[in-house]
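Each of the next two complexes has chain A plus one other chain: chain B in the first, chain C in the second.
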Partner chain A sequence: MATILTQQPVTPVPPPRSGLRDFWRQLRRNPMGMTGLIMLVTIVLIALFAPWIAPYDPYRPVRARIDTIYAPPGAGHLLGTDDAGKDVLSAFIYGARVSLIVGFTASFIAVAIGGMLGLVAGYYGGRIGGLLMRFTDIILVIPDLPLYVVLIALLGSNLWNIILAIALLSWTGTARLVYSQVLSVKERQFVLRARAIGAPDLHIMRRHILPMVLPLILAQNALVIAIAILSESTLAFLGLGDPSLISWGTMLNLAFGRGAISLGAWWALLPPGLGIVWVVLGWTLLGHVVEQIVNPRLKTHHLMH
Partner chain B sequence: MERSDYVIRRLGWAIFTIFFVVTLNFFLFRVLPGDPAKSGARDPRLTREAQEAIRVRFGLDKPLLINMTGDPFDSQFFRYFGNLVRGDLGISYNFSRPVADLLRERLVNTVLLVMVGQTLAILIGLALGIVAAWRRGTALDAAALVFGLFTWALPTFFLGIILLIVGSTLFGLPVGGIRTPGATYASFWDEWFDIGRHMLLPSLTLTIIFLGEFLLIMRSSLLETLGEDYILTARAKGLSDARILLDHALKNAMLPVVTIIALTLGFTVAGALQTEAVFSWPGLGSAIVEAVSRRDYPMLQGAFLLIAVSVVLANLAADLVYSWLDPRVKH
Partner chain C sequence: METARKNGKSDDILLEVKGLKKHFPIQSGFLRRVTGYVKAVDGIDFYIKKGETLGLVGESGCGKSTTGRTILRLLDPTAGEIVFDDPNIGKVDLAKLKRSQLKQVRPNMQIIFQDPFSSLNPRLTVGQIVGEPLAIQGVASGQALKDRVAELLQEVGIRPENMTRYPHAFSGGQRQRIGIARALALNPKLIVCDEPVSALDVSIQAQVLNLLEDLQSKYDLTYLFVAHDLSVVEHISDRVAVMYVGYIVEMADTDSLYYHPKHPYTEALLAAIPKPDPRRRTRPVKLPGDVPSPANPPSGCYFHPRCRYAKDICKAERPPLRDIGNEHWVACHFAEELQLQGVTRLSEIPVIELPRRQAPAPAPTAATPA
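Right after this comes the complex of A and B.
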C-alpha cells in the first residue's frame, strides 16, 4: 500500500533556519495541510476525552432486549445501537483510541527500524549497504496483508501482536527514503570535513547526518501511521482484532457478521467506516504537505503539482 | 550490460526471493505456537504411543534443519522443501483433501476477479488521468484529485460493504459466491451469465479501489512529460494537440505507469483478499480467512505461499516487460 508514494532520490535542502515558526507559517497557508491537521485534531480530542464525551461506557456489559438490538438512531441513542444493544456512538468514540494507539506505536517502531537501517546502509554503503537494501527489497515484495493474517493467526490476536506485526513489515518505505537521502548528504562538505578531522562514525551519523534527514523521517511517519491504521482496521474486520478492545474494524466485523446488512442497520456500519476514512485521510493530507514543506525539491508524490 | 545478463540476474534474484519466502513460510509454522499437529503431539490426554504416532505422521521426530546423525537431508526442512517441489502442500484439516488441489480452483477464481478489476481500473484510470492532466487546474482536474485521495483512504472492505448494500437492495444483485447455489445451467453461456452477475459487485469494488492510484500516477507522469523540451518543440512545429499527446507525450509518460503496476501488486493482493472476504468469493484470499477461522494450518500455509510466490513472479514479469519497453534500464 505504501507504494502510492514513489520517492526519487534528490539532494535534500537544509532545514529552514527559522525552524518551527517558519514551518507553521507555511503549513497555515496550505489549505490541504490545514484540512488534514484539523481532521486529526478533532479525532485526537475525541480519543483523549472519550470517557467524558461518550454517553455510555461501551465496555460495560448491557442486557440486550429484542427491541434494543439494532435500534435505529433516536433520542436515547444518537447513532442507534449495535447487535448487542450497545450504543454505537459510544463505541465509535472509544474506537478512535485503538486506531490512534496502533497508528502511533506501530509507526514509531517501523520508522525507528527503517530509519536506523537506512542510515547505516547509506552511511557505510558498499557491501553492507547493498546487502541491507537487498534485504529491504525482499521484505518489500512479500504481500503484507496475507502475512499479517498468518502472523496474527499463529501468535494470537492481542493489541501488542497486531502492533508488532504491522511494524515489522512497514519500515521498508522509510528505509529506502533515508538510504537515498543519506547517500547524498554524506558527500557534503561538512560531513567530509568532520570525517577528515577523524570524527567517529557514530558521532557523524548522530550529529551531522541524522539532523538533515530527521524532518523527512517525521513527514514519512505521518504516512506510515495512515497505513498502520488501515492495516489494523482491515485485520479487525477479518476477525483478527483484539477481542477485548473496541475498534472501528471490530465494530464493522461484528455488524457485517451479525446481520446489520439484511436488517438495514446502516447506523452500525457507516460511523466506524467513515471514522477510518476520516483519520487515514487526515494523516495522508498532513504527511504530504509536511513532506513538501520540509523538502520542497523532493518530488514525493503525484498528488502534488 | 547485455540484455541477457540482465534477464539472468533478474531471474536469479527472483529464485532467491522465492527461496526466502519458502524458508520464512516453513519457520513461521514451525517456530510460532498454534499448530495443532505440534500441540496435539504434546496433549497429555493422549497415550505416549499416540503422541509418538502423531510426531512420526507429521515428521516432527526428525531434526528441524539438518540431520546430523544420518542422511543430512532427512530433516523437517528438507522434507518440506522436497514435498513442495513435488507440488505436495499437505492435506487440509478441514476438507481432508490435498491443499494443492483445493488451491488450484481458488487461484483460478482469484485471477479471474483480479484480471477483470485490474483491467477496468487501468483503462478507466489512465483515461481519467490523461484528461485530468490535459485539463490541468480545471474543476474536472480537482475532482479527479479528490477522488484519488478519497479512494486511497477508503478501506476496500468498507467500499465492498457499501456496494453490497446498494447492489443487492437497489439492483437485486447476488450478495455473494460465484454461482447461484443449486443452479443447473442450460448452456455454457447461461453459466457464464450467472458468474458475471456474481462478479459484478466484487470486480466493481476492485476497480474503484485501484482506479484512484492509476489516475494519479498517469496524471503526474503526463504532467511531467508535458513540461519537457521536446513537447515544446512539437508545439513549435505546429503539431495538433492530439498528435502531441498521442505521438510524443503518452509514449514516454506510460513508462512509470508500468513500474507502478508492478509496485502495487501487494496492494492488489490486499484488495482482492478483502473483496473476497466481503463477497464470499471462493478465491485465495477467502481461503486464507476461512483457514484462520477453522484453524486449517496446511491450507493457511499453502495459500500464503502461493500468494507470495505469485507476487514475486508477477514482479519479475513486470521488470522484464519494463526493461524491454525502456532500453535505458540496464541495471
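Right after this comes the complex of A and C.
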C-alpha cells in the first residue's frame, strides 16, 4: 500500500475573478455598450430628479389663454407649450418616469415568467417541457397589438393594467432562450453528481442551473425593457394609455389628435418622439452588448485578446 | 482487500446485479416513433464483494459507464435487478425503488466522474461543493459542516485553507481530489469510479490511484472501477469484468484474468496493452472488423464475427455467463477447450530467451574469436 503522496503546493493563482468585475471590464471596452449605458444613465437621472429639473409641474392645471396654446419655444417655455398651454419640456421630463417604470416593471415580470417557464420546461423536459414550450409558441405567434387593444379594453386603461398586458405578451423570447440553455446545462456532470447525492429538483434548479442561466436572463431583460417601452408608447399613442398620467405616448397622442401638425407645432411632437427613440436605442445597444458578453453562443471576445 | 478475495460467501456481497438491461429508444420521423433500441447494457450479471474493487473494462461505447450510472439509478434500468446491501435497511432492489425512496440509499453509494472539469460547478466554492451532500442530507450545518469539509479536504490532500476558492484555481488532479472528497462526504459503502483517472496525466494518475487505495483500506470502501486502461485496472482491481457490446464476457480475479484469460476477446484486449518492457512480448492478436453497433448486434455470441475460434454454434447461440471454477466466469462455448494467451509474468520469462534472440545475427559472434 502506498501512502498518500503529499499534495504539491497550490500554485499561487489570482483571486477568483469576480464575474461582475470581468463583465464591467468587457463592457467598458465596448463603445456600443458604453454609448447605450450613457444614454440610459442620462434618462434615468432626468426621471429621478424630475421635480428639480422641470421648470413647471405638468400635473398642475393651468388656465390656458389663446396665446399660450402651442406657443413656440421661447424664454418662458424652452420647448414651447402644448394644446393645453402647458410646458412641453416639463411634460417631457415627467414623461420619462412613466416610460421607465413601465419598461422596468413589465420586463421584470415578463423575464420572471419566461425564465421560470423556460427553467421548468428545460429541466423536466419530456411531456411537461413539450407542453410548456408549445404553449410558449402559441403566445409567440399571436400578433401583439390587437391583443393589447383587446386586453386594455377589457381590463381598463390604468398604468398597472398596461404593465400587466405588456408583461403577459413579452415573456416568450426569454422562455425560449432559457429553455435551450437549460437543456445544455442540465447535462453537465455536476448536475448528475448533485442528483447522485439525492439533491431535490428544486435545489438543483436553484443552486446549479439558475446561476448558469442568470446572466443570459439579465441580458435578455435589457432587450425586453426596450420592447416594453415601445409597446407602452404605442398603446398610449392609440389612446389606450393611462389618462391620468403624462407619458411620451400620451403626449404624442394629444399633439397628434389636437392639431399640432396642422399648426406646425413641431415642438409638441419631436421631444416625446425623440425621447422614445433615445431610450429604446439605449436599451437595445446595451442589451445587445450585454448579451454578447454573457451568451456563450455569441462569445467572441476571446478572439480579440 | 486480500481477505475479501479469499472468503467469497454470499453475505459478503455488497452489490449484486442480475440481468440488468438499459435500452435507449431510437426515435425517428415526424411523429417520433420508436424505431429501435440501442442496447447499451443488455442483460449483465455481476456481483461485488464488500471491500473489494471490481474493475469493469471494455472499449468505448461498450456500456461501461451506462452500467455504472444505471446502478446508481442516475439512469432508470429497462429490466433487471440491482440488489444493494444497505447498512441501514438491508438488501434492497434499487431497480424497484421509487425516486423518493432512493434518497435514503443515496448516501451509501456515490460516484466519481471522469472529467474533473465539468463535474464541479464553476460557480460554487470548493467548500460549498464538498459540503453540498452534507447540507442536502441534513447531516451537518454551520461550523460542524465547515469542520467536516476541512477534514475531508485534508483526507484527500487539499489544504483546508483553499475551501473558499473556486474550482478554476485548481489543476486536474486537484479537482479530481475535490471530487473524491465530495464522494466521501456521506461515508458511502460503494463508490462507482467512472474513469476517474482517464483525464489525468500519467504521473497524476498514480497519485490519485494511490489515494483511492488508501481511502479504501481506511474506510472499508468498495469500488466499481470503470475504465478502459487495462494497466490501471490491473493495478487497482481485485477482480475484473470485461464487457463487450453491453454484455459481460468474462469476470475473474485479476491474476487469473490477466494471466489465464478464457475468452478470446479478453485475449485480444490483453495483447493490445502497450508494454514498457521489450522482453514482455506477446503475440499480437488481430481483431478483424469493427465493434458491432449496440443498436443492431450480430446473432448468437456478439463476438463471433471477429473471433478466430468461432464455430457454427457461436452464430446460433448466445453463450451464458457461467462459472468454470474458482469464480472464473466466462461467456464462451469453448472456454474449457481454448488455450489462450494472457500477459506474461516477468518472472516467467525464461532468461535463455535473451541469447536466442541475438541468434539471427551470427556474423559478429563468428567474428569475435577471429
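Keep this in mind: the second predicted complex is superposed on the first by the 280 of 305 C-alpha atoms of A that agree within 3 Å, B and C clash if a C-alpha of one lies under 4 Å from a C-alpha of the other, contacts with A are read in each partner's own complex, and residues count from 1 in each chain.
Just so it is clear, a residue touches a chain if its C-beta (ideal position, glycine included) is under 8 Å from a C-beta of that chain, and two chains touch if they have at least 3 such contacts.
If you're wondering where the values come from, they're calculated on a predicted model, not measured in any experiment.
J.: Of the two partner chains, chain B (first) and chain C (second), which one does A:211 touch, if any: first, second, both, or neither?
T.: A:211 contacts chain C only, not chain B.
J.: Identify which of chain B and chain C touches the larger number of residues of chain A.
T.: On the superposition, B touches more of the residues of chain A.
J.: Would you sort A:145 into first (chain B), second (chain C), both or neither based on which partner it touches?
T.: first
J.: So in the superposed three-chain picture, is A:167 touching just chain B, just chain C, both, or none of them (first/second/both/neither)?
T.: neither
J.: Per the contact definition in the header, classify A:198: touching chain B only (first), chain C only (second), both, or neither.
T.: second
J.: If we overlay the two complexes on their shared chain A, which of chain B and chain C does A:189 touch? Say first, second, both or neither.
T.: second
J.: For A:109, is the partner it touches chain B (first), chain C (second), both, or none of the two (neither)?
T.: neither
J.: Shared contact residues on chain A, chain B side and chain C side combined as an intersection?
T.: 1, 3-4, 6
J.: What residues of chain C sit close enough to touch chain A in their complex?
T.: Touching chain A: residues 69, 72, 74, 102-103, 106-107, 109-111, 113, 115, 118-121, 123-124, 132-133, 136-137, 157-159, 162, 165-166, 168-170, 174, 177, 179, 182, 185-186, 207, 210-211, 213-214, 217 of chain C.
J.: Can you list the residues on chain A that touch chain C in the complex?
T.: Listed in rising order, the residues are 1-7, 10, 13, 16, 188-190, 192-200, 203, 207-208, 211-212.
J.: Within the complex, which stretch of chain A touches chain B?
T.: 1, 3-4, 6, 138, 140-147, 149-151, 153-156, 226, 230, 233-234, 237-240, 252, 256, 261, 266, 269, 273, 276-277, 280-281, 284-285, 301-303, 305
J.: Can you list the chain B residues touching chain A in their complex?
T.: For chain B paired with chain A, touching residues are 17, 20-21, 24, 28-29, 32-35, 136, 145, 148-150, 152-158, 161-162, 164-165, 168, 175, 213, 216-217, 219-221, 223, 256, 260, 263-267, 269-270, 273-274, 277-278, 285, 288-289, 292-293, 300-301, 303-304, 307-308, 311-312, 315.
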